[in-house]
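The two complexes that follow have chain A in common; it is paired with chain B in the first and with chain C in the second.
Here is the complex of A and B:
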């Protein structure tokens, strides 16, 4: 089957090349047969890559260690659902996932948009196939996911324990879906610029995919943050790591684009800006993949060593995309990209959206500069240097304050122009409400002790109040018009203008996320302590007591999966037990032959399972680093005994029996006389609001992205018109 | 020529108004970009290897140290740990004293990044600055006996 998989990739590479050329040739000569052939090549590539993807996934599922990638990234003790996800923990598998998602999403787009933008679509197909050719080329010549060995090892190395988390099964898929979906508006704008047809049609046609890309990428980022919070044992969810930043960059420019396209659709303005934003977003999406896969910047996520061939390939692709994009925009700026209208007033929705765009692009620039600063510094001074989280916070926090404020003003300010008086009339209610909330926070909480957080609480409350007020006003108006009940009127209102009201819901979610981020950053209590059983530590008004150690051996499919050492922690507040937490650390066996029989169960990789009691008001969080130093001398002695016994002819069956006895003994010893363990304890206010806000964003995003009944009718009409035009052409 | 009346009672040619807006916006963007560039250089920590740190470190200055954890060098001391970091390709190493969050993948031989300041002959890691690279492969490639088909 490996040969079939490899053949699929090789044929896909050829088809990508052929399809791209056929599409462009067909478009330039007006020969529809070639255009159709190009599009069918894309569908065929999607089919072939899907076959390759399924073959590799099947190899992971059945633990076929003939495949090098399976042997080095999975094992029989890896649960089946993590075996599925193990594929994209590898360089080869993740590149295959990328090209699979690219081919599938592109095919869906071309299928849904058939009959629309007939002059632009062939070039868009060529761009998508060009990207496909690049990734297929990497898979065929560099990564080689179907490399096999003649004699399979008896066991695989296993999936990185850190990645054994539900979020990690979906996080890479969502990120890559975001990246590949953003390539659709990117491809269409390239096509639109080539044929000089930069009206709002390409925006309308690809709006669903832009929104879907934005949602997938945003959801992927949040899943990554959640994984970091609950798995990495440091208690944070964002560290301004280069790879995190790389996923944030296209999301920021994509957010700016989703706002600024409204101005082009409504007023025919900002064409250069919109085209540039989509092009930048597409290139930043490629850059995100490049950063993870090249190891060019020092990051927790750097999966490969520096200086590999993939880095050069990506650099060449990104340079080519940048040069082409700049050429297309500059060469069209004075004709088809010329604005149809000008900004009438600074008191207008256009101005508010423009300001929102400038701030978003400003944040993106800050993140870009900070992320690539090691390379910039090396190029300018010859010395590699890096900036830390305080530098990012210094710029991003004030910009976010402005952004949240604008998210409250933008949706309610009139198009073209308004007066300050009229604007105040619209915003008076939310302004008074947020001022009252701010006053209450000052009077009854310590929120004012951190000025930036306090300002954020007020502006986020204002943004939420504006969105809720707009929903309320619309619902009341509909009730008066139709006599519907409130919930029915609200649903009808949202259904009639999904884009607008979905946007309001997204604003509410984003504001909640920022409130959660501000509160958990400024008012978090963190303490690192060493505790013996029976000892307590007080953190943020809560008393954490180490009740007793825990230890157990966990098995899967008859094999030892991991040894778990941990503790039971009682949390008391105001004399009442509020939580019983169980932080643990799982020790996974390693196959390293240099280690002794027992050592391989303790010296391998280990990962934290945090104890967490999540709540609306605060999270109680604890992670443990057990001290196994008193076990290690016994482990080493055991290694020597087993080595001697093996040399004396101990059978494998008896070795397994004695090994189980020894491990059980070591676990029981830890349970009975555990040495003091190191704990990180965190009391974090409103962290849950981040995850809840993200769910609201997701709901709002779906609401906005869901096609209106009218749009579906419009699509059918467009297809019918296209068919009639084709038939007339034949006649 | 069409004239417009601004909110503050002044009339201005729209083209001139747009030009002024553009100049103001560009000036603000340039100033911000300048501040950004300046502060990034002044707030940055030099990324150094252990051998570079040994030859060029000044007391009180922050450095971003990159290298591999020396086998058998990790010792738990009170609330923190001490360990040695060596060059990626080489044996020159420096001692590091660190308190704060310890990443799960941290162990002997792993590649780490930690912000340090010189303190006598040792280096003190900044709290919570220790980062361990996330490896995709857990075994030494040499340990695999498998041969390509």
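Here is the complex of A and C:
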């Protein structure tokens, strides 16, 4: 099957090249047959890449170690659901996932948009196929997923233990879905610029995909943060790591685009800006993939292998995309990209959106600069210097404060113009409410001890109040207009303008996220302690007591998966037990032949499983680093005994028996007399709001992205729309 | 390479060539698009966007963001822009404009269907 998989990729590469040329030729000569043939190439590539994807997934599922990529990234002791996800922990598998998602999403887009934008679509198809050709080329020539060996090893190396987390099964898929979905508006804007038709239609046509991309990418980012929080053992969810930043960049520019494109749609303004944002977002999506897979920047997320050869290819692609994009925008700026209208007033929603865009792009610039500073400094000084979280915070936090404030002001300003008096009239309620909340926080909490956080609490409350107030006022207006009951009026209101009210729901979610981030950053209590069983530590008003050590051997498919050492921790607050936590550290066996029979179970990869009690008000979090130093001398002695026995002709069956005895003995010894262990204890307020806010963002995003039934009915009942048009003409 | 794999690869190549090459064999060498088709599509998109603007302006008025005077001024301006779009659309699609003159309303149109403002707001 490896041959079939490899052949699928090779045929796909050929089809990508053919399809791109046929699409452009058909568009330029007006020959529909070539355009259609080009589009079919895209569908065929989707089918072939899907076959290749399934073949490789099947190899992972059945632990077929003839495939080099399976042997180096999976094992028989890896649970089947992690074996499925192990594919994209490898360079080859992740590139195959990328091209699979690109082909599938592009085909879906071309199917849904068939018959629309018929002059633009062939060029968009060519762009998609061009990107497909690049990734297929990498898979055929540089990172071959179907490389096999004649004699398969008896066991694989296994999946990196850090990646054995539910979030990691979905996180890469969501990120890559976001990246590849953003390539759809990217491809269409390139096509629109080529044929000089940058108008409302391509925006309407690709709006769903832009929103879906934004949603997938945002969800992927949150899943990554959640993984970091519960798996990495340092207690944080965001560290301004280069790979985290790389995924944030297209999300920021995509967010800016989703706002500013409304101005172009309604007013025909900001065409250069919007085209530039879409192009930048598409290129940043490629850059994000590049950073994860190239390893040019140090990152805990960059799961890159030795001997990486793809960096030059990505660099060339990104340079080509940047040059082409700049040329297209500059060459069209004075004709099709010319603005059709001007800003009527600074007191208008257009102005608020423009300000919001400037701030978002400002944040993106700061993140970009900070992320690539190591490369910039190396190029200029020869030394690779990195900037840390404080550097990012000093620029990003003030910008975020302005952004949240604008997200509160934007929805209450009318399009085109309003008066300061009327603006104050609509803002008065939310301003008073947020001021009251701020006052209560000052009076009854220590929130005022951190000024930036205090300001953020107030502006986020203001933004939430505005969004809720807008929903309420819209509902009331609708009740007056139609006589509907309140819940019915609210549902009708949202259904009839999903984008607007879905956006307001997103604003609420984002504000909750920022409140959670501010509270958990500024008011978190963290302490690193070493405790013996029976000892306690007091953190943030909570008493953590190390009750007893725990240790067990976990098996899967008759094989030892890992040895887990941990503890039972009782948490007491106000004289009452509030949680019983079980932090552990899992030790995964390694196949390194140089290690002894016992050592391989203790000196391989290990990963932390935190003890967590999450709550609305605060999270109680603890990670443990057990001390196994007293076990290691015994382990080394055991290695020597086993080596001697093996030399003396110990059979494999008897070796397994004695090995099990020895491991059970070691585990029991740790349980009975564990040495002091090192703990990181965190009491983190409002962290749960981040995940809850993310769910609200997800709901709001779905609401906004869901196809508008009203619009569909309007299109299908074009006759009735025409009557409305005639009425308008008479008015 | 084993025989089964070889046959599978040949079948895949054959299927891909058949599928991709079919439009060329049919000889569908028609122009990609009719003249003005793109402009018509743009105008239709612009018409929907303009209706959205009119609807938003009314909602802004009803939720107190616009005074009645400002709303009426803005509404007149937006309707004038919509009329321009419709005029151009009618010029490019005269047959369609005639064919669309069917007066019966949609079944779910509210009671104030004769008021174009209210009707647009509902859309």
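Criterion: the second predicted complex is superposed on the first by the 703 of 731 C-alpha atoms of A that agree within 3 Å, B and C clash if a C-alpha of one lies under 4 Å from a C-alpha of the other, contacts with A are read in each partner's own complex, and residues count from 1 in each chain.
One rule holds for everything that comes next: contacts are C-beta pairs under 8 Å (C-beta built on N, C-alpha and C of every residue); 3 or more make two chains touch, one makes a residue touch a chain.
These figures come from a predicted structure and were not determined experimentally.
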- Can A:385 be said to touch chain B (first), chain C (second), both, or neither? first
- Query: Looking at the overlay, what does A:40 touch: chain B (first), chain C (second), both, or neither?
  - Reply: second
- Message: After the superposition on A, what does A:8 contact: first (chain B), second (chain C), both or neither?
- Response: second
- Task: Scan A:153 for contacts with chain B and chain C and give back first, second, both or neither.
- Result: first
- Thinking of the overlay built on chain A, is A:234 touched by chain B (first), by chain C (second), by both, or by neither? first
- Item | Common interface residues of chain A - those touching chain B in one complex and chain C in the other | 419
- Partner chain C, residues of chain A touching it in the complex: 1, 3-4, 7-8, 11, 15, 18-19, 26-27, 30-37, 40-41, 43-44, 48, 51, 116-119, 122, 195, 197, 199-201, 203-204, 265-266, 412-419, 422-423, 425-426, 470, 473-474, 476-477, 480-482, 496-497, 500, 710-711, 713-714, 717-720, 722-731
- Item | Footprint of chain A on chain B - complex, ascending | 7, 14, 18, 21, 25, 32-33, 36-37, 39-41, 43-47, 64, 66, 76, 78-79, 99-105, 107, 113, 115, 128-129, 131-140, 143-149
- Message: Please output the residues of chain A touching chain B within their complex, sorted ascending.
- Response: 65-66, 68, 71-73, 89-91, 147-153, 157-158, 160-162, 231-235, 239, 241, 298-304, 342-343, 345, 347, 358, 362, 365-366, 369-370, 373-374, 377, 381, 383-388, 390-391, 394-395, 419-420, 528-530, 590-594, 603-608, 625, 627, 629, 678, 680
- Message: For a test of understanding, state which residues of chain C touch chain A in their complex under the given definition.
- Response: 1-2, 5-6, 8-9, 12-13, 16, 19-24, 26-33, 37-38, 41-42, 44-49, 51-53, 55-57, 59-60, 62-67, 70, 74, 79, 82-83, 86-87, 89, 96-97, 100-103, 105-106, 110, 116-123
